[in-house]
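Here come two complexes built around chain A, the first alongside chain B, the second alongside chain C.
For the complex of A and B:
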């Protein structure tokens, strides 16, 4: 896979220090959010830590430790410091609403990146279940995200469990389209789901 | 906020299927793990052999064979589970079908009781009676509701006239061509005249409808 090509602004040295002027800062944060979203979409990254370490990518043959770091540019020898990173993520979460903490109580657990909205993910899942005639049957999470022989569309292959939980709880259950079953091995985890 | 959309209910059957599917997933994951082990053991055996460690290579191969037989056993179990899941799901659908049939039967029965033969007979008699009364009255008054034959004919004629007025200009040539083609073979059989006269006749006949 070709490495992600960062936009030109990623090689602009002032991007790496927090700007004092409020308007400029707002622009700067907006640019960073765009970079993060397109970076994550390119590598199908669903979750990332506050320091910019990739937690999960849907590409299972991708070595996530070898990806070019998003907050660093070796060519111009610049990197964002941790404090500013948190500010950027806060902007992405509260202002752009394109991300959410995996666990609101412990932000260091990382954030989910919504380069595709939860509603769009929900539609993808719902369409898949409907088009394969599996409406109303119980599906295991494994079947829905991992299994090779359930004919999963590429977009849903290796779907992040944390993301799935959000899609189910925040969208499908609220729409009355899904009911979850807890796993037998771990009552904290969702094991299966019935989608209608 | 108070009105929550009704969520799909999880039935006991759903739970049973879910349990089996979980078992099936576990088997699948187990197979995957064993496959990785087999692959590693093959590599280790090769490595050992290239180093000249024959004993070790044989050990790895033996252990690999064992894993492979376990894998084939898990396939059998997987097959059993899938079969069972399939059977249960099919039975559930059968149950639905039977339920549907019962419902349909009930409706049909209800409809049949509403439409007893006696009732319908009586109803039809009454309708006939009423109709006769209407006819009687009409006759007494000397006016029948229906149009007479000649009136119907007049209506037809007027319709054709109107049809010609509105559509005629376009359709007429087509009609003439058709009659020409159809009448062409018939003419000689009916009239015994010299060929030239026949031709004249044929040329005239198609023109007639045009003039009219």
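For the complex of A and C:
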């Protein structure tokens, strides 16, 4: 896979310093959010830590430790410090509303990145289930995200479990289109999903 | 064992008591001395003004006991019948100070309501500083250029200031020069570059650069070699 090509602004040295002018800062934060979203979409990254370490990518053959770091530019010897990283993520979460903490009580667990909206993900899942004639059937998480031979669309392959939980709870269940059964072995984990 | 602990407590209480007394005595002495100085300045204001050596000694004395000579000058000249030129000159310097201190927060626009209390912060004036006083003090500054301007918005006075007098395009000659350096330095400029090219001192550089940052003409980069600050023109991104 070709490495992600960062936009030109990623090579602009002051991008790595939090700007003192409030209007400029707002622009700067917006640019960082765009970079994060496009970077995550390119590598199909669904979650990332507040320091920019990739937690999960849907590409199972991708070595996520070898990706070019999003908050660093070695060519110009610049890097965003941790404090500013948090500010950027706060902007992405609260202003752009394109991310959420995996667990609001422990931000250090990382954030889910919504380069595709939860509603769009929900539609993908719903369409898949409907098109394969499995509406009303109880499906396992494996069948929804891993299965090789069930006509699972590439977009859903290796779908992040944390993201799946969000899509189910925040969209499909609220729309009355899904019911979940918790696992018997581990009551914290989803054992089966029924999509209608 | 119990007694020893008890004794130690008693000793430390006593020690604290003594040092409290001592420090309160000292601060009383200090304030007595300060007010003595103020009285002295009041009575001998003319002498202090006339005699250069005397004045510099006196100023030294003031700073060593935590009295701002500028505030003292405002104070001693603030009696209603004596609100003379010196008072307004001192006041204008204070205004410039306050404006600079608060510029990062307010972008160069401060209400009189906020400004006035700061002007009489540490000085116990005979009578309060008024809007008229500020207007008069600004007349002193007007002689140095038109960077300070009073705006009346909805019946309330505001002070708008920009340090370099701006031309009609809103871009000063100095700002233009900064951009000139940027064009031949790949979009960036630093204190060093301005000093080497134009011989500007640090204050002039800072004044121009701060103003340009505030207007969004420059972005700050604090990760240069040896921590040197660089300032970049944002058009670099689209060039």
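Simple rule for what comes next: the second predicted complex is superposed on the first by the 196 of 196 C-alpha atoms of A that agree within 3 Å, B and C clash if a C-alpha of one lies under 4 Å from a C-alpha of the other, contacts with A are read in each partner's own complex, and residues count from 1 in each chain.
Definition applied: a contact is a pair of C-beta atoms (placed from the backbone, for glycine too) under 8 Å apart; a residue touches a chain by one contact, two chains touch by 3 or more.
Fair warning: this is a prediction, and the values are worked out from it, not measured in the lab.
Q: Let's test your reading of the overlay: on chain A, do chain B and chain C clash or fit side by side?
A: Superposition result for chain B and chain C: fit.
Q: Just checking: does A:8 make contact with chain B only, chain C only, both, or neither of them? Give me first, second, both or neither.
A: Second partner only, chain C.
Q: After lining up the shared chain so the two structures overlap, which partner does A:175 touch, if you call chain B first and chain C second: first, second, both or neither?
A: First partner only.
Q: Decide which partner touches more residues of chain A, taking chain B and chain C as the two options.
A: Of chain B and chain C, the partner in contact with more residues of chain A is B.
Q: Let me test your reading of the model: by the given contact rule, A:183 touches which partner, first (chain B), second (chain C), both or neither?
A: first
Q: Once both structures sit on top of one another, what is the angle chain B-chain A-chain C taken between CA centres, to the nearest 10 degrees?
A: Approximately 140 degrees at the chain A centre.
Q: Now for A:196: first (chain B), second (chain C), both, or neither, which partner does it touch?
A: first
Q: Check the residue A:137 against both partner chains and state whether it touches chain B (first), chain C (second), both, or neither.
A: First partner only.
Q: Please work out whether A:24 is in contact with chain B alone, chain C alone, both, or neither, and reply first, second, both or neither.
A: A:24: touches chain C, not chain B.
Q: What does the superposition give for the shortest Cα distance from chain B to chain C, in Å?
A: Superposition on chain A places chain B and chain C at a least C-alpha distance of 43 Å.
Q: With touch defined as at the start, can you tell me which chain A residues reach chain C in the complex?
A: Against chain C, the touching part of chain A is residues 8-9, 12-14, 16-17, 19-21, 23-24, 28, 77-79.
Q: Sort out for me which residues of chain B touch chain A in the complex.
A: Interface residues on the chain B side: 4-10, 14-15, 17-19, 21-22, 25, 28-29, 89.
Q: Under the touch definition given earlier, write down the residues of chain C that touch chain A in their complex.
A: Interface residues on chain C, with respect to chain A: 104, 188, 213-214, 216, 219-224, 230-232, 234, 236-237.
Q: Which positions of chain A touch chain B when the two form their complex?
A: Interface residues on the chain A side: 136-140, 142-143, 147, 173-179, 181, 183-184, 191-192, 194-196.
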